[in-house]
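Heads up, the next two complexes both have subunit A, just with different partners, subunit B and then subunit C.
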Partner chain A sequence: MLLTSPAALPDPASPPKPILQLVGLRKSFGGFDAVQGIDLDVREGEFLTIVGPSGSGKTTLLRMLAGMDTPSEGNITLHGELINDVPPNRRPTCLVFQSLALFPHKSVGENIAFPLKVKGVDAAARKARALELMRVVRLPESYFDKNVMKCSGGERQRVALARALAYDPEVLFFDEPLSAIDYKLKKTLEKELKDLHRETGKTFIYITHSLEEAMVMSDRIGVMRAGRLVQVGTPEEIYGAPVDRFVCEFVGEVNTFQVKRGPDGAWNGTDVPGTFTLQPPASGAVLDEAFVVVRPEFMRILAPGESADNRLEGVVYNEYSLGSRIQYQVRVGAKVMLVELSRGRALPSSADRRVTLGWDAADAFTLES
Partner chain B sequence: MADLAIAHPERQAAAESPAQLRQDRLLSVGARCALPVALLLGIGFLAPLVAILGYAFATPRSFDVFSSFTLANFATLFDPANTVWLSFFWSCGLALFTVAILAVVAYPIAYGLNMVFGRWSALISVLFVFPLFVSENVRLYGWVLFYIRNGVLDGSLKWLGLPGGPEVLYTPGITLFGMVYTYLPFMLFPMTLGLALVPRDLVDAARDLGAGRLFIWREIELPLAMPGILIGMLLTFVLAIGATAEAKILGGQSIIVISHDIEIAFTYSQNWPLGSALAVVVTFFIGALTLFALSKLDLDRMLGKR
Partner chain C sequence: MEHRRTKAAIWAWTLFVLVAIYLPIVCGALASFNKSRYFGFPIRTYATEWWQKTLDSIEIGMIVKTSISIALLVTVFSVVIATFGALAFARYEWKGRKLYQKLILLPIFFPQPVLGLAMLLGFNAVGIQTSWMTAVFAHMVWIVPVVTLIIAIQVYGFDASLEEAAYDLGCSRIQVFREVTLPLLWPGIWSGMLFAFLLSWSNFPLSLYTTGADSTIPEWLYAKMVAGYTPMVPALGTMATLGAAALLLAGGLVGILARRRAAA
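Presenting the complex of A and B:
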């Protein structure tokens, strides 16, 4: 029997098979290449976030995946089948728009039931399914007949999500749906979305310009810049081993400085004084000049006698409370360095205090400049 | 708060300064600014209506406006022997057909102006407006020259050795054609605006959720464009019910429309009171119909603003 053959059984050792494969995907508008050659395997059931600044081509990429734009070059395959020219209404995928695109003349229930109406499901079954989905996205049942335009931002978000789920897509796309929502609600919705991903087991592809958002939710993150994917990896990989300065700075506030190899082979600072012990660059390249990145949370303020691989002398200029942590702005000559300490280790009085910053070689990245 | 005001009326009176009292006597700044326009409207718009209303109740075949009162004119109109209802029937029928045909003709053009023609839309819009710069009568006589025996159509066909054009001039059909032609822009532009109000995102979203073109049109495009479409229909209906030139010039008086009846009463038969009574009845009919339609037409609800 074919079904019971070993090949048909999932192999726990191998990673989940790709549901969506992008090969050499390219899109040009006139002479401008919005997306320039993307290769990516999206695994079944993963939460993948494409993150990049505005204009990096991430929305164009998503529109191609959803079928609203056709690629100029390259292939998109879903379960191994080429879907380049399959129109959006024939793809088992669904997009949650940045504007949410809710139908203003329909009630919450009618909005959610729309894809079911398209499929010809009868009214009673539509209502039952819509109410079920409203429970999933945590909307009260009484909202069924509510005018969708009378709902708050967060509620509309949930309606849009429920409507997409009603289509029962294999892959759900999100085009920055949380960008217009206030911070606190956004944090809640991010977590809910991740929970929902777990509950439904569907493949989610999310687009955002906020890496913070990506970090919270994603299984994997792809960083996009000028139409290319610069790095794809788990949040840990992106955070802990950024491939270049762009990814590094995109991840958050970082301390950076330039170094040059002296005649004795030691790394001397170009824009900060001192000689530094560095890890070789992850790329393995042999460099004469490099770019050093230290995250604020890996910088320490050294107590007298405390040792560290590297040190810098500076003066505290200002402090910023980040809630559970405190960030200090330390001026080293003309250069500004940021140090984050937990509240328990805060300096008693900080302004104009002379401090010694220290960090270990293993906590810094060396990148090609 | 209300209790306080009742308990101390003298305190409230004392609070009003002399300047405030002076302002209460004179018109407010806004009212003073609006005065010239209000006067112009009073003289130019309201006065003729009042005069017509006065004449409607005057002695038949007289000019005793405001000095006599009789319902004789209305009695004449509603007398079953009077055939004015036939004109009324023609006007309403032609207006209804005009609106129906225009809705079907203008929708694809409006759709094209919004979605298909792209940067040519502006030019195409101007082409539709352009005929409005020429007098309606001149344009209608142009159509007469086109359709008349040995005219543009008939003559060209005969020159080509064909049997010649159909005899369409001076029929109710050609009157309807003239009305559709004349009122096209008045349906087209509100409709174009209505369609422009349909966000592209919603159409994309509906398609993404599996809907085909027809389903999207029925469920999304049409309901959201409805305010514009209904306004276009109302506008063309009101204009078409008062049309005379098409029936006179193209229809060659093969049918008499209601506004033509009013004109005859005022000119040929010199019976101003009867013409006025007819005008009042028609005005009330159209006014009631318009108000009814507008009350049913909740634009805010249709656009989902409330």
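Presenting the complex of A and C:
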């Protein structure tokens, strides 16, 4: 139902063997623990995105995988071989930097052919391969001799990508290469990157602070916070079954409120009025207090007589256009709830309108508070 | 008419600065074309005979050779040492870097005559006979810090991830240096070379103490001014100035051509 086509999903019956395995990986700088114990199997050929706010340790993690930092503790194995101390130039991996790190004194073609030059490939073969890669990343052939500093942002992305592919790595790392690109171009490049992943069949590990970016491209997403992986799963799992409030809120704007179990066993709202029907928490824990999360797109504005598992009375006090959708801010007691409706279902006049919000139990998450 | 007055003031000031800088040099050049042996204006008869005599003099030939030898050696050694020094100065984080950054500046601020005397005493103390080769060392004590700073500016100006990227793309450490570090530092190294040569070429106080029996152009000019003036003094002085100017011009031209090629 959501976001990812079934073809991109790994087959759970026979999971591909891990290409990279991280066991108890830690990294400290002085007294600061940037990465605090990460265990992760990266499957061969998957597009894995590590997402987290700045300072969550994702760049440090990537630098360890690429060989530019050495782990303080723990192991990294590639095809079962320990590579902790293997330098970057001996690893079959390649990092696309946030700054792209294109060589300003070399032309587009020389940049792309650089890894081949280092390997000792002769000039004619280098040029042929570079031109081939330029076609793959959709750069016109005439750019071969162009000064790389005179290329646009999007063109530079493509040069960096082609250069990384020229190295022919087994695993490609990406350190937020799209963060400085304008929205529209970013959307195009995201899709191209996903296509490229499918075409090359290589393992991609991508880091970003944008979950939206992660959702579009990834087979799996790992959410990182304060040096730890909080959750690893398919985009559906991250979106549909977040393990905690952090992941939940990271995915997007959400409605949250507290509930407490009454003497009769029913869930009563603490900061909103009412009694609610909830799903048991995914963790299976038995709780007396819980934290309920309802995404704005699952919140409905009920027509008279329309039924829903749960309902709340409120007053609309603001509306925002999100383009194809409209977001309403609804005051419920002291809290503000968000409701997103498609443009076709917009309220005729919204200001100070009394509304009844409703949602079904299956569309909400119950989390430990 | 405020505007016009401002403009006039700017022009007047500019003219004054230019005259203040270049008039003495022109005077020196004119003095070298005086037919008379003695220094004095106005010049009654112009002649090129002192230029001819200067060019023919075996003594001056040796002095010029000494100056060029010192300057070339200083240039080569300084640039090599300063390039690595600049990387330590501006690129790498290491214990003691802050102290190093300050210590390297000290020789620049130290008065050169004192530095020269100190080095002469030092050479004597360890029993080294001073000659033009000891002057190479003495010049470097002062010039290496200057060139280090010039190249360090270039090091600050380039993204360290370029070196990491090259390393990641399969380069050995040496290949990273040859393919990325050196070409990107080249403009800084080039200006460092010019500075090293010109600072050594025109240095007097350090040479005075440390060349021993040998003599450089500035030393010879000084000695002849003190005793035994002939118009060969301004003639050689003008030649030395023109030589330096030609070197600078050629250096600038190479820089422009290199930039043009890079921009193509």
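Note that in this section the second predicted complex is superposed on the first by the 356 of 369 C-alpha atoms of A that agree within 3 Å, B and C clash if a C-alpha of one lies under 4 Å from a C-alpha of the other, contacts with A are read in each partner's own complex, and residues count from 1 in each chain.
Here is the rule we use: a residue touches a chain if its C-beta (ideal position, glycine included) is under 8 Å from a C-beta of that chain, and two chains touch if they have at least 3 such contacts.
Computed from a prediction, not measured in an experiment: that's the story for all the values here.
J.: After lining both complexes up on subunit A, report clash or fit for subunit B versus subunit C.
T.: Verdict on subunit A: clash between subunit B and subunit C.
J.: Go through the superposed model and pick first if A:A66 touches only subunit B, second if only subunit C, both, or neither.
T.: Both: A:A66 reaches subunit B and subunit C.
J.: Report for A:P115: first if it touches subunit B alone, second if subunit C alone, otherwise both or neither.
T.: Both: A:P115 reaches subunit B and subunit C.
J.: With both complexes overlaid on chain A, does A:V148 touch subunit B (first), subunit C (second), both or neither?
T.: A:V148 contacts subunit B only, not subunit C.
J.: Touching A:R198, do we find subunit B (first), subunit C (second), both, or neither?
T.: Once the two structures are laid over each other on A, A:R198 reaches no partner at all.
J.: Taking the superposition on A as described, I'd like to know which of subunit B and subunit C A:Y167 touches: first, second, both or neither.
T.: both
J.: Where does A:R331 make contact in the superposed view: on subunit B (first), on subunit C (second), on both, or on neither?
T.: neither
J.: Across the two complexes, what residues of subunit A are contacted by subunit B and by subunit C?
T.: Of subunit A, residues 66-68, 87-89, 93-95, 97, 99, 101, 103-105, 114-115, 117-119, 147, 163-164, 167 contact subunit B in one complex and subunit C in the other.
J.: Note which residues of subunit B are touching subunit A in the complex, please.
T.: Listed in rising order, the residues of subunit B that touch subunit A are 199, 201-202, 204-212, 215, 219-220, 223-224, 302-306.
J.: Can you tell me which positions in subunit A touch subunit C when the two form their complex?
T.: 66-68, 87-89, 93-95, 97, 99, 101, 103-105, 114-115, 117-119, 147, 163-164, 167
J.: Going by the contact rule set out above, which residues of subunit C touch subunit A in the complex?
T.: That would be residues 159, 161-162, 164-172, 175, 179-180, 183-184, 262-264 of subunit C.
J.: Enumerate the contact residues on subunit A facing subunit B in the complex.
T.: Residue positions touching the partner: 66-68, 87-89, 93-95, 97, 99, 101, 103-105, 114-115, 117-119, 147-150, 163-164, 167.
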